[in-house]
Amino acid sequence: MIRVQTDDFDLGAELKALTAGNHAIGGLCSFVGLVRDMAGGEAIGAMTLEHYPGMTEKELERIEAEAQARWPLDATLIIHRYGRLEPGDQIVLVAAASAHREAAFEACHFLIDFLKTKAPFWKLEGTPGGGQWVDARDSDEAATRRWTQSSGKAAE
Amino acid sequence: MIRVQTDDFDLGAELKALTAGNHAIGGLCSFVGLVRDMAGGEAIGAMTLEHYPGMTEKELERIEAEAQARWPLDATLIIHRYGRLEPGDQIVLVAAASAHREAAFEACHFLIDFLKTKAPFWKLEGTPGGGQWVDARDSDEAATRRWTQSSGKAAE
Amino acid sequence: MTAPVKLLYFAWLREKAGVGEEDVQPPATVATVAQLIDWLETQGGGRAEAFADRKVVRVAVNQEYVSLDHPVTAGDEVAFFPPVTGG
Amino acid sequence: MTAPVKLLYFAWLREKAGVGEEDVQPPATVATVAQLIDWLETQGGGRAEAFADRKVVRVAVNQEYVSLDHPVTAGDEVAFFPPVTGG
């Protein structure tokens, strides 16, 4: 399931709902991204997340479908917020549930890595000097590439 | 923080508490292990988790300290239950929060992999044929070994 | 082309171009994304500045990532944006 | 030895040995974990059966994992158990 919204989400309720009633699930891995108050040594006030309505949902659905195709998963969830967010606010939640823990971990990791380089969101950080568009990081590209160089993570 | 208890835990409240008030945290990765109703094709009723009081706490603290030494973490949590558990029940929660998502993911993965082969817990599964002690899995040993062969995960 | 091409600009590309969304009628010689950008650079505003470094411009046609040699036809939705930074 | 050695058995080792916890006074010739097990196998109950396959017996002395050649001294807490299966 994917959701794109301005509202905050209830982490505990979302995770509970993901596994509720399915006793085939042995492991649930989740990742929450939060707004930091510092970036590159500079203090950050509020942040604004812009996105591309329509394409965002398509990309998130594609990423989720790809994870479902790669690993034996019982449930997956992607929630991404947009609009104005304050330090400490939740930005994104990705989660994967499976009979087996490795599948849950790898799929969850895959979901956030792909989301980071494929989903059309852009962060505008409010710094003392004014709004600053966040630059994409090479490390995010590298994190995505490792999933495309082999069927899983090579060393595992 | 580590906790060993018979009581269930509130996943959402535990995760919230882990990041509350710390705006340096950019990512929170967590893993929950749940009781499955099937194992090796056989239906499972309730399960009983036995542990070694005293050594369990020492091992969990050691594993947590090792994760803190390896990655720049703002918070970590291990909760492990023992006693009688039903299918769908939460068994274990491990979580790691960091400024950076890779550190959170790797530390969380490390915590559960090490816990699986180091923490003195034993599962007795209730099957139609009676109680059956769960066998250790080679794949768990392999998962632990990969963290000891290099400082991180080699392919990343 | 008959129907217009719908353009969308996001993040700093929107700010530099000075426009978030516009319908354009490029000349018939415009057949690819690269040719569309060439033509847009002649259309004033901040468009030339927005496209100055094409290496950092990502393009989606009809909400799918494409490369600069991808065809553009009447009725398409073409979006320009910097590398994404969500998550 | 003067003080007893405290033994703990867990999971199927406890069931096979037929005892969960006991204080023992091994002879002075018992200096290592392996020698302690050798001696326990002569002490009746299900102990010999519990230790039949030593490859699957894990040992902790004073709550730290040790190998079979680790020393055992008076007052130690020695625990025997199968490979762990929590998580």
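Going in written order, the chains are labelled A, B, C and D, and every chain counts its residues from 1.
The definition used in the following text is that a residue touches a chain if its C-beta (ideal position, glycine included) is under 8 Å from a C-beta of that chain, and two chains touch if they have at least 3 such contacts.
Given the structure is predicted, the values throughout are model-derived calculations rather than measurements.
A.B. asks: Quick check on the contact graph: shortest path length from chain B to chain D, in steps?
C.D. replies: 1
A.B. asks: Measuring centre to centre with C-alpha atoms, which chain is farthest from chain B?
C.D. replies: If we average the C-alpha coordinates per chain, C ends up farthest from chain B.
A.B. asks: CA centre of chain C versus CA centre of chain D: separation in Å?
C.D. replies: 74
A.B. asks: Averaged over CA atoms, how far is the centre of chain A from the centre of chain D? Could you give it in whole Å?
C.D. replies: Using C-alpha averages as centres, the distance is 48 Å.
A.B. asks: Distance between chain A and chain B based on Cα centroids, please, to the nearest Å.
C.D. replies: From the centre of chain A to the centre of chain B is 22 Å.
A.B. asks: Mind pulling the chain D residues that touch 2 or more other chains?
C.D. replies: 87
A.B. asks: For chain A, jot down the residues that touch at least 2 other chains.
C.D. replies: Answer for chain A, listing residues that touch two or more other chains: 33, 101, 112.
A.B. asks: Spell out all pairs of chains that touch, sorted by label.
C.D. replies: Pairs flagged as touching, ordered by label: A-B, A-C, B-D.
A.B. asks: Would you tell me which residues of chain B are touching chain A in their complex?
C.D. replies: Contact set of chain B toward chain A: 10-13, 15-16, 19, 21-38, 87-88, 99, 101-102, 104-105, 108-109, 112, 139, 143, 146, 153-156.
A.B. asks: Going by the contact rule set out above, which residues of chain D touch chain B in the complex?
C.D. replies: Contacts found on chain D: 8, 10-12, 60, 63-65, 79, 81-87.
A.B. asks: In their shared complex, at which residues does chain B touch chain D?
C.D. replies: Of all residues in chain B, those touching chain D are 33, 49-52, 54-55, 58, 80, 91-92, 112, 115-124, 133-136, 140.
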